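Shared between the two complexes below is chain A, which has chain B as its partner in the first and chain C in the second.
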Partner chain A sequence: MKRRSFLTTSAAATVLATAGLPALAQDGPLKIGFIYVGPVGDMGWSYQHEQGRRAIVEKFGDQVETKFIESVPEGPDAERALTSLALEGNTMIFATSFGYMDPVMNVAAKFPNVMFEHATGYKRADNVATYDAKFFQGRAIQGTIAGRMTKSNKIGYIGSFPIPEVVQGINAAYIHAKKVNPDVEMSVVWAYSWFDPAKEADAAAALIADGVDVLMQHTDSTAPQAKAQEAGNVITFGQASDMSGFAPMPRVTSTIDNWAPYYIERVQAMLDGTWSSTATWGGIDTGMVEIGEMTDALPSEVIEEATAMKDAIAAGEYHPFTGPLKKQDGTVWLADGEVADDAALASMDFYLEGITAELPK
Partner chain B sequence: MITLVKRPQPSQFWSWATPILAVIATMIAGGLLFAALGKDPIEAIKAIFWDPILGQNAGYFRSQLLVKAGPLILIACGLAIGFRAGIWNIGAEGQYIIGAICGAWLALRVYPAESAWLFPAMIALGALGGLLWALIPAVLKVTLGVSEILVSLMLVYVAENLLAYVAFGPLRNPDGFGMPGSRNLQQYDAAHNPELIAGTGMHWGVVAALIAVIFTYILLHRHIAGFRIRVAGEAPRAALFAGVVPTRLVVICLGLSGALAGVAGLFEVAGPSGQITDSFNAGYGFTAIIVAFLGRLHPVGILLAGLLMALTYIGGDVAQLRLQLPPAAIQCFQGMLLFFLLGFDVLTNYRVKFAGAA
Partner chain C sequence: MIGGIDLTTLAAMLMVASTPVLLAAIGELIAERAGVLNLGVEGMMICGAVGGFAIAVMTGSPVLGFIGGAVSGAALALLFAVLTQVFLSNQVATGLALTLFGLGLSALLGKGFEGVRPPATAKLDLGPLSDIPVLGPVLFSHDWVVYLSLVLVVLVWGFLKYTRAGLILRAVGESHDAAHALGYRVIAVRFGALTFGGACAGLGGAYLSLVRVPQWTEGMTAGVGWIALAIVVFASWKPQRVLVGAYLFGGITALQLQLQAAGYAIPVHLLSMAPYIITILALVVLSAVHGRNAQAGPAALGKSFHASS
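Coming up: the complex of A and B.
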C-alpha cells in the first residue's frame, strides 16, 4: 500500500506545481468553460445552459471569454474535458450534469485556483459550488392542470432515471392532480436516458395507446410533444425549455430552467473577487424555475387556478409538499401542516400514497 | 472503363498501404468538411493530429492517449484472435461491462477492508466475468449451431440493463443520497488501479494491453495454436485435416476475447472511471472492432490502430475546445476513416485494370 500512496502523493505534487500557472496569468478577460451532457441543440436541458452562457456573454462582453464542450459523456471523458478546460486557462468552469460530480471533485482537487460550479450535485469543496432548481414546483402546477384537463383520468409520465429529482417531480404532479381530481391514475415509463428522441417517442406512443391524455416528461427532447401532436387530443408541457413550437396544442405551458440570473450572479462574484462555495436550490421565487405562457387551449378558470398556485409558491405561502402526506406503503411522511425540508427532498426515493407503480430500486 | 480483377492472393503491400492511404483521404475529405463549416481546415487537422502529441499542454493529452488506447488495444487483441479464425465476437461491449461489474462487486462487497490481495482478485473476477459472458454464445454455437454474432451482440443489451440495475440497486453507494452509481473506487486504496508513474496515464490496464499485444503476437505468429487458428479461418476444410477441433476453437477464441474484454472493463472501473454507473460503458467494445480491423488483425497493427483511434478522440476534444468544432463533425471525421479504410480495401483483394491496357 505504501507504494500506491507514495505515487498518488507525488502525482498530486506534480499536478499542483503546474496547476497554479493559469490562475497567475489572470490579466485579460475572465475565461469561463462549460461542459454540456447533450448537444446544445437538444432544445431542452443543455440548450437552456447554453442560453445561460449566452446571457453571460451578452451581459459582460469583453470582460469574459467563454468556451464550451458539448455532448460530453459522464465518466472519464468528462474528467478529461474538465482538465482540458482548466489547462487551457479557464478559471471558472460550469459542469452542467449530475454525472459530472466525481470528475469535478477530482479535477477541482488538482486545480485549486479554478472555481467549479456543478449543477444538481451534492458534493462541494472550497472551489466547488453546487446549484439546482426546484423543478417540482413546476410539476405541482402541471399536476393541477393535468387533474383538471384529463378526460380519461389517465396521466402519463416519461421518467428519465429514478433519482430524487425525478421522483420529486412525479410525486408533486401526482398529489396535485389527485387533489383536484380524485379519480386520476398515473403511469410512469422510464426512458433511462436524459435525451433519446427514439425512446421518448416510443414511451409517448405506448402511453397514448394506453389511453393517456395528459403527458408529462422529465426527458429533454421534443419527441413526446410530436407524438402528442399526432394524437391530437393529448396535452403536454414543455420541459427544461419552453418548447413553444408546440403551442398552443399540445404544449399548454412549460417549466423552463432559467440559469441565466444565477450564472450572471456567479460570474459577477468572480469578477468582484467575492466568489465562494455555496449550495443553491432556486425556485420560482428566484426566477430559476419559470412557468411558460399558458395557452388558450386551457379554460380560463384552469389558468387562473394554476396562476394562483404559481404566485403562492413564488411568495413562499405555499409549499407543494405540505402534509398530511403518506408514503406509498401507507406510513406517514408529513403530519398535517408539516412542510418537507430540503434535505429530505434531496434524497427522496419513495412514491407517495396512491401511485400504483413500483419505483425501480 | 475501369475493371477490377481479383488477385489470386491478397496483396501484402496494399494490406499495409491502405490504412495509410485511408488516413490521408480522411484528412482531405475531413478538411473539406471543416472548411464547409467555416473552420480553417489546416488548423482543425493540426488540432486533431498534432496538438495532442506535440502542441500546447501535450503532456497531459499524451497521457490521456494511453488511457483511451489501453482498453481499445486490450479488447481488440482478443477479438483479432477470434476474427482470424472466423469466429465473430461482436459483444465485447457486454463482456467489458460484466467484467467491470464482477470485479467492482468484490471490492464493494469487502469495502473498506485493505488487503494486497484485493486488486489481483478483482482482476481475476473481471476476467472470469467476461469469460463466462462470452461462453454463452460459444456454448450455444457449439451445441445448437446458433450464430455467435447475434447472440454476443444481443447479450450487450442484456449486460447494459444489468449495469443499470446494479447501478441503481445492489451496488449503489449507500452514502449517495439515493443517487445512482457505486462508491468511487479511486478513493478505495486497495481496489484502486492508479496511475503508475504520475502524469503518464500509464495504469495496469495499459501495461496489460502491451502484454496482450506481445502475447497475441507469439500466439498467432510463433505458436502452433496460432497456425491452427489462422488455417481455420482461411481454409476450414484444410483445418479439419490438420486436426483442428472446430468446437474447441470456438470455445477458446470466444472465451479468450471475453476474458480480455472483462479485464479491460475491470481496469477501467477501478481506474479512470472509478465508479459503476449506468453510463459506465463508453463504447470501447464496439470501437475495438474497428481497431482490430484497422490494425489488420495483427497485434502490432492493433497497437498502432488503437493509438490512432485514441488520437482522433483526444484530438477531436482539442479541436472542439480550441476551435469550437461541433462534435458531430468530429464523429463524421471518425466515420470517414472507417469508410475510406473499407473502400480502399478493394485494392488488397483486387487489381485495378484500365480498359485498353492488356
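Coming up: the complex of A and C.
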C-alpha cells in the first residue's frame, strides 16, 4: 500500500471510528481533556488548573477519565492538541489560556458533540462555554498594599500579553496604589510570554535595577519571586497560586485562582446532562478568587486596610472600578459613583489616567 | 547612566542573559564540527538545570552544582552518542526524542526541588581590577562561570584552528570516510565531541537554575536550546561568531527589558522582536562579508557512519 493512501485511509477510519464515540461514551466514564499553556509544575497558573483537574478526579472517581496535555503553545499548535483530544473520545475539554480562543472555536465547530470550556476568553458557541475569575479584585488589594509599602514610589509590573485580563490588573493595581500614595509610579515590562522563567527573571531584574521595590507579575512562573528574594528589599505577590514558598518575604500575600468548585460543578452538569453554554465570571464572593495569607512583613494597619477592602469586595459593597475614573487620554470613563459593568471590563484595552507608558496594541 | 540605563546593570544583565546560550552553542558547535547534529540541546540543558540545582542544594556548593550540571548534560549526550553512533539511529529523530526525554526526566527529578532556594554563586574577586572606574564593574565583577564560558570560546577557537586534534575533529566532520581511511577513530572522536557538547549544554542549564533565575521550575529552559542551535548555524560554525551571536542576543534581550522598565516610548512589539532580528541580521551580514567559502557547514553533518560502508 502506498504511504499516502495508507495515511488517508487510516485518517478516514479514525474519523469514522470516533464519530460514533460520544454515544458510546455514555456507557463508560466521562472522558475529559485539559490543555495547559505551561508545565503543571509551573507553581502558578497551570498548576492551579491541574489542582482543579485533580479535584474532579477525587470527587467523581470512576465516573470520569481525565487527561491533560501541558505546555501547549497558544496558536495553531493548540488546534492540533484540541483535535487530538476530541478524536480520542474526550467529550468535555477545558482549554485553559486566553490564546486558545480561536483554536477552540475552530475545533468546536468540527466536533459539535464535544463540550468545550475556555478560560478567560469571550467567544462562545452552543458547545463552548467560557469562565474567568475577577483577578482585578485581588490586584486592587495588592495595589493598596503596594501604595502603602513602597519607599521608592515605584511599582513594577511584569505583563504577559496586552489583553483585557492583564490590562484590568494593571489598572486596578495602579489606581488603588495611587489612592493611598499619590506619588506612586508604575513601570510595566511586557514579557510576551506566559511562561519563560529566564525572561521573567530578567524582566524582574530590569525593574529592580530601575528602582522598583514592589513587584507584581502577570506571568506564570515563580522566577520573579526568586529574583525579588535575591534582591532582598522587594516585596511581591503570589500570582495565580499561593506561592507560599516565598513567604513571608518577598511574597506578602497572593491572589489564588481556585478553579476546583467550578470544574466540579461543570462536570456534574455534564454527567446530569444539563450542561449548557454559559459565561461565568467569579470573584472573591464566589470563592473563585482567594486572597492568600498576609504575612507579618506587612505592618498590622496595612493588613487591616487590605482585609477590610477584601471583605467589602466580597460583600459586594465595593467595586474596584468605581468612578470618577478617567482614561489615560483624559476622557471620562466612569462618572462619579458609576461602577464598571462586566462587559466593559471584559474588553478593557486602555490604561487609566496617570499611567505614563503606552499600552501596546 | 546613559539615557536612564545604568551601564553596570546592563553589563551584568547582558552577561547573565548570554552565558547559558553561549555555553550551549559552543558545545553544540564542537559536536556539529565533528559531523553530528544533536537536536537534543534543549533536553541536555534542562537536565543540566535540574542536575546542577539538585546537587548544589544537596551539597550547598554551587561549584559542585555546576559540575553536576555538566555531568547530567554529558550523560544525556552519551545516550545520544550510543544510539546514533553505535546503533546508527537517525540523528534528527534521536535529537528530538532526547529533548522530549530530557524535559520529562527533569520534571520527574525536579519534583522535590520546587520553591527551594539554591546557594548563591559568588562573584569572582578580581581585586584591583574590579575597582577600575566604569570598566571594573562592567568587565571584572561577574561570577566565575561567565569567565569560564569566555575562556571556553577561546580554547575551542584555538583547538579547532591550531591543534592537530582539532584538525582531526574537523576531518571527521567533513568526511568521515576519508578520516577513517587515514586511520582516525571516527566513532571515538564523535563520542568525545558529543560528550563535550552535552557537558557545555548542561553547564548552561545549571547557569539558568543557579544564577539567572535562580530556582528550579519545570520546563524552565523555555526554548533557549533551540536558540543556541540557531546561533551555531547563523554563526557559520565559527566560535568567534557564536560569541558575537550569543552576546548580541543576550545583550539585546537585556537591553529591551531595561528600555521598557525605563519607560521608553518605543513600540514594545519592536523591542521584543529585536533580539531575534538583530542577531540574525548581524550574523548573516558577517557571513556575507566573509565571502563564499565561509558559510558552508561541515560536509558530513548529520550523516551516519559505519566502518563497513
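Brief remarks on what is shown
Everything below uses one rule, namely that the second predicted complex is superposed on the first by the 337 of 361 C-alpha atoms of A that agree within 3 Å, B and C clash if a C-alpha of one lies under 4 Å from a C-alpha of the other, contacts with A are read in each partner's own complex, and residues count from 1 in each chain.
Just so we're on the same page, a contact is a pair of C-beta atoms (placed from the backbone, for glycine too) under 8 Å apart; a residue touches a chain by one contact, two chains touch by 3 or more.
From a predicted model like this one, the values you see are computed outputs, not experimental measurements.
In the superposed model, A:Met92 makes contact with neither chain B nor chain C. Applying the stated contact rule after C-alpha superposition, one finds that A:Met43 touches chain C and leaves chain B untouched.
Of the two partner chains placed around the shared chain by superposition, chain B and chain C are both touched by A:Pro360.
By the touch criterion defined above, A:Ser187 lies against chain C but remains apart from chain B after alignment on the C-alpha atoms of chain A. Contacts of A:Ala81 after superposition on the shared chain: chain B is touched, whereas chain C is not.
When both complexes are overlaid on chain A, the residue A:Asp102 reaches chain B alone and has no touch with chain C. Contact with neither chain B nor chain C is seen for A:Ala146 once the two complexes are overlaid on the shared chain.
Put simply, chain A uses residues 39, 71, 162, 192, 360 to touch chain B in one complex and chain C in the other.
Within the complex formed with chain B, the chain A residues making contact are 1, 4-5, 7-8, 10-11, 14-15, 39, 67-71, 73-77, 79-81, 83-85, 87-88, 98-99, 102, 106, 122, 161-164, 192, 346-349, 360-361. Taken together, the chain A residues at the contact with chain C in this complex read 38-43, 71, 156, 162, 187-190, 192-193, 195-199, 201-203, 205-207, 209-210, 212, 221-223, 226-227, 229-230, 243, 245-246, 356-358, 360. Residues 6, 9, 13, 16-17, 20, 107, 110-111, 114-117, 120, 208, 212-215, 217-224, 253-254, 257-258, 260-263, 265, 267-269, 272 of chain C are the ones touching chain A in the complex. Listed in rising order, the residues of chain B touching chain A in the complex are 57, 60-61, 64, 67, 114, 116, 164, 168-169, 177-181, 184, 186, 189-190, 192, 194-199, 268, 272-275, 277-280, 282, 314, 317-318, 320-322, 324, 326-328.
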